[in-house]
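Just so it is clear, A, B, C and D label the chains in written order, and each chain counts residues from 1 on its own.
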Amino acid sequence: MTQLREVDIAVVGAGPAGLAATLACGESGAATLLVDYMDAPGGQLIKQTHKFFGSERQFAGTRGIQIPAIFMERLSKMPNVALMWGANASGYYADSGVLTLEDGSKFVKVKAKRVIIATGAAEKPLAFENNDLPGVYGAGAVQTLMNVHGVKPGDRVLMVGSGNIGLIVSYQLIQAGVEVVALVEAAGCIGGYLVHAAKLRRAGVPILTSHTVVRALGEETVRGAVVAQVDQSWQVIPGSEREVACDVICLAVGLTPLVDMMWQAGCEMKYVPALGGHVPVRDENMRASNPAVYVAGDSGGVEEASSAMISGEIAGISAATSLGFEVKEADARLSRLKADLAAIRSGPTGEKICAGIKCATVCGGEW
Amino acid sequence: MSRNSADVVVIGGGVVGCAVAFELAQRGCTNVTLIERDTVASGSSGRCGAGVRQQFGTELNCVLAREAVRIFERMDEYLDYKPSVEFRQSGYLMLAFSDHQWEQFLANVALERSLDIDVKTLTPEEALKIVPFLNIDGMVGATFCQEDGHANPFHTTFAYARAARRLGVEILTHTEVTGIEVEKGRIRAVVTDRGRIATSTVVNCAGAYSGHVAAMAGIDLPVWGERHQILITEPVEPIMGPMVISFHHDFYCQQVPHGSFIMGIGMPGEPKGYNIHSSVDFLEGMARSLRQLLPPVAQLRVVRQWAGLYDRSPDAQPILGECPPVERFFNANGFSGHGFMLAPIVGVIMAELVTTGSSSIDVNRLDAGRFARGELVLEPAVVG
Amino acid sequence: MAVREKTADGSIVICRCEDITLSEIRDLIAQGYHTIDEIKRVSRAGMGPCQGRTCRQLIARELAAALGVPIEQVEMPTFRPPSRPVLLSTIARGEADE
Amino acid sequence: MEIALYSHFAQGREDSGRPLGRLRPNVVRLKDHPILEFPTGREVEFTFNGKEIEGIEGEPIAAALHAAGVRILRHSPKLGRARGFFCAIGTCSSCLMTVDGVPNVRVCTEPLKQGMVVETQEGHGHLPID
């Protein structure tokens, strides 16, 4: 039988939330293991070339891709923190508290007293004709291909969705010398920050609101697309169909939290549209209904990298203190972090998120 | 719930309950209400490996299994079901790894042949002709019956449910039985969380929960839940026909028509209970047994693992028939892992018993009273 | 009419792993399969290597529309281990070397 | 605001020099990027359906194929529909190919090695049982 490794806290996912959670756990002295299936830490950060804004504590002025190194510099000096890259968390068995990790050749079992799940989010699917044609990609896939592996996704891209991701990936495509033929947005207005949208307009990208993609054209690969105007309830207005020349249809119609580990852990789940889909119900300290499980970052509800780092730190502090580890002025730090989170969420798009978080939080804030 | 009374109330929407309801309606008893707590086939029927075999060690089990296969062979037409229940007779290959086991196999084969079930005995080398990548180290011999096979458990259960509905059976899903009213040994009604149904007859097909249901009628029925875990791999083009079973390793594995492999092992010391979570011990044990017995199949990826409940009885044999002291309280449970394969014939037998009081195949020895009388039925050919 | 190449047949694919289209899903809902689990069992949608990550959301939306209920009320199936397919030989090997 | 119409584009009128009626994928590797630097590992050769292709050691096989203009990675088992790169995080079944004889390999996360034999997978793929 494979021998069983024992840790106090296992953190699944080394994106902004997982890195922040691991740092907080590491500082408390808890034996902590951070795992990620990618070969390097950072998660969504390694695809974010733009500069962060917000308070200095949230790395304002730093580009996303530089942030992992800042965390790693401190984590690598903590003897009680172990890091495993290229290790996929394949299962969490609530009955035994065992987390299984695999990298294609080895299968590792870890018994953790607490698990912090920070597995992020992924593109929402979109149903349109021929939506499975090669050339239809999620925005994350386009970013991975382009920013991580340095391969141009195509020559002419139709971007679907005007949230921050749709806007930012469009700009990254232009930076890489790829033409963004058009950006369609089914809603009547642009979803993301207008500063990003302005950059696209200056680059000559037509942004069509109240439009969506209805059909991908091409026999076996994308050769074009049919876009059409839609009314407020997103029904296509007959006769408004138009064909667009493109070899990539990039879907950026929103992210949905990756929560299969929470389902496996038997956590109470709830569908909260404002947070992107099903999320674990949690208390104010990010603890899920399964007392051994904490949630952090986008997997608890899709927000931004800066909020992910804060919820990660909250989860890390809470998980460590729940095991009796000493965290210097834990209460003061927690209340300041919650205030920072409230500040980020107070922005224009924050209203819906605040309502969503409230809906996903157990009433009274404690289990 | 459109009716508040029924001639018969069937409790449990698995393959057994749906088969019983259909066969009752076939015999003109159409005022039947079937109650299912969740959805049809959401219990063990939708979680089992769905093998269908005739290779058993007692006469009664062989006869029941043989008659069930006869029905499976024409089920799509019998139940007028499209697309198909996907019954495929690709055989069962039963492996013996000790002389003692081999002697038992030979006795079984003699019994099976006497009941005209066509079973062959094979040397390990002959077994290799059927499954070329089988590891025959330590194998003494094998038995093979081509007529045994596999069906799609979901389609089979849905086929019976849809056919029963067509004949007038009312199927209430998302409805839980909360009580059974009994007065002076006679059933008055079945009470559910969505209303009361007056009836004089209940057929208890609640699988692992049959003991709970019987208790509602004041009956002490020794049936309990026992977790059995299972996994499925990614699909590949067909390379293995039969179900491969080794009692010695408590192991079974089959490539189903979809191309994926379904497999399971018994877990020693599994406690009584209703826990159907998966465990990593099962995953490891399964992977090791598979690597030993069918090495190339270990090059496949597991896509999903889950668990279901055997409805265990003390002698791992079915409990069929009326259950004194309560009149017209019929049991069809306790199958201990063979409910799916026997369901077609159990449906017929229970419908006969309910409508006529006797059945074409005598199942008196499988009554619930046998435990009190100490007349347990011992069946050697069972996976752990 | 501008000459244009042949294009794929316009199917809307809901489950990429098991090749289930939107019209098949709608037929099943019309036949009375009103939960994701039932649709999964009868059509295999959601049983593929991705465990329904894509199709469960699209099916939930279709069910909500067909039954006239908000998506919150559509009962979601659970996720089972493993989160991604794993080689059985890897599991059998555990931490040992080759 | 003029969007290049599909038919207009496909006729090759849009870009001079493009053969009429065919969109030839001239996807190239990004060399210079204002912010990012890209992996510069060892160049390796591998075959795709028998054709010799170059890629960078350790990058996902899908990235190397994409850079070489390959879009179709498999055809789906039931409907035979073309499938290619999609989720990039190794959870979907869109990029399953046969690599060195082993079927159902996720090439979007499988690192490329020298001399790999990569084949489009038709349907379920064949498990080697010798």
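One rule holds for everything that comes next: a residue touches a chain if its C-beta (ideal position, glycine included) is under 8 Å from a C-beta of that chain, and two chains touch if they have at least 3 such contacts.
Computed from a predicted structure; not experimentally measured.
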Sort out for me whether A-C or A-B is joined by the greater number of C-beta contact pairs.
A-C
So which chain ends up closest to the centre of the protein, judged by Cα positions averaged per chain?
C
Per the centroid of Cα atoms for each chain, what is the distance between subunit A and subunit B, given in Å?
44
Gap in Å, rounded to a whole number, between the CA centres of subunit C and subunit A:
22
Report the inter-chain centroid distance for subunit B and subunit C in whole angstrom, where each centroid is the mean of the CA atoms.
28
Rounded Å distance, subunit B centre to subunit D centre (Cα mean):
47
Among all residues of subunit D, which ones touch two or more of the remaining chains?
5-8, 10, 76-77, 81-83, 86-87, 90-91, 94, 104
In subunit B, which residues are in touch with two or more of the other chains?
234, 278, 280, 283-284, 297, 299-301
Expected list for subunit A, residues touching two or more other chains, is 1-2, 37, 88, 91, 93, 100, 107, 109, 122, 132-133, 217, 220, 223
Connecting every touching chain pair, does the picture come out as line, ring, star, complete or other?
complete
What residues on subunit A touch subunit D, complex-wise?
37, 49, 63, 65, 88, 122-123, 132-138, 140-141, 144-147, 149-156, 175-177, 181-182, 206, 217, 220-221, 223-225, 242-245, 247
Under the definition above, what is the set of subunit B residues touching subunit A in their complex?
275, 277-280, 283-284
What does subunit D use to touch subunit B in their complex?
77, 102-104, 123-129
Residues of subunit C touching subunit A in the complex:
4-14, 16, 22, 51, 53-55, 57-58, 71-72, 74, 76, 78-84, 86-87, 90-91, 93-96
Residues of subunit B defined as touching subunit D within the complex:
132-133, 234-237, 239, 259, 296-297, 299-301
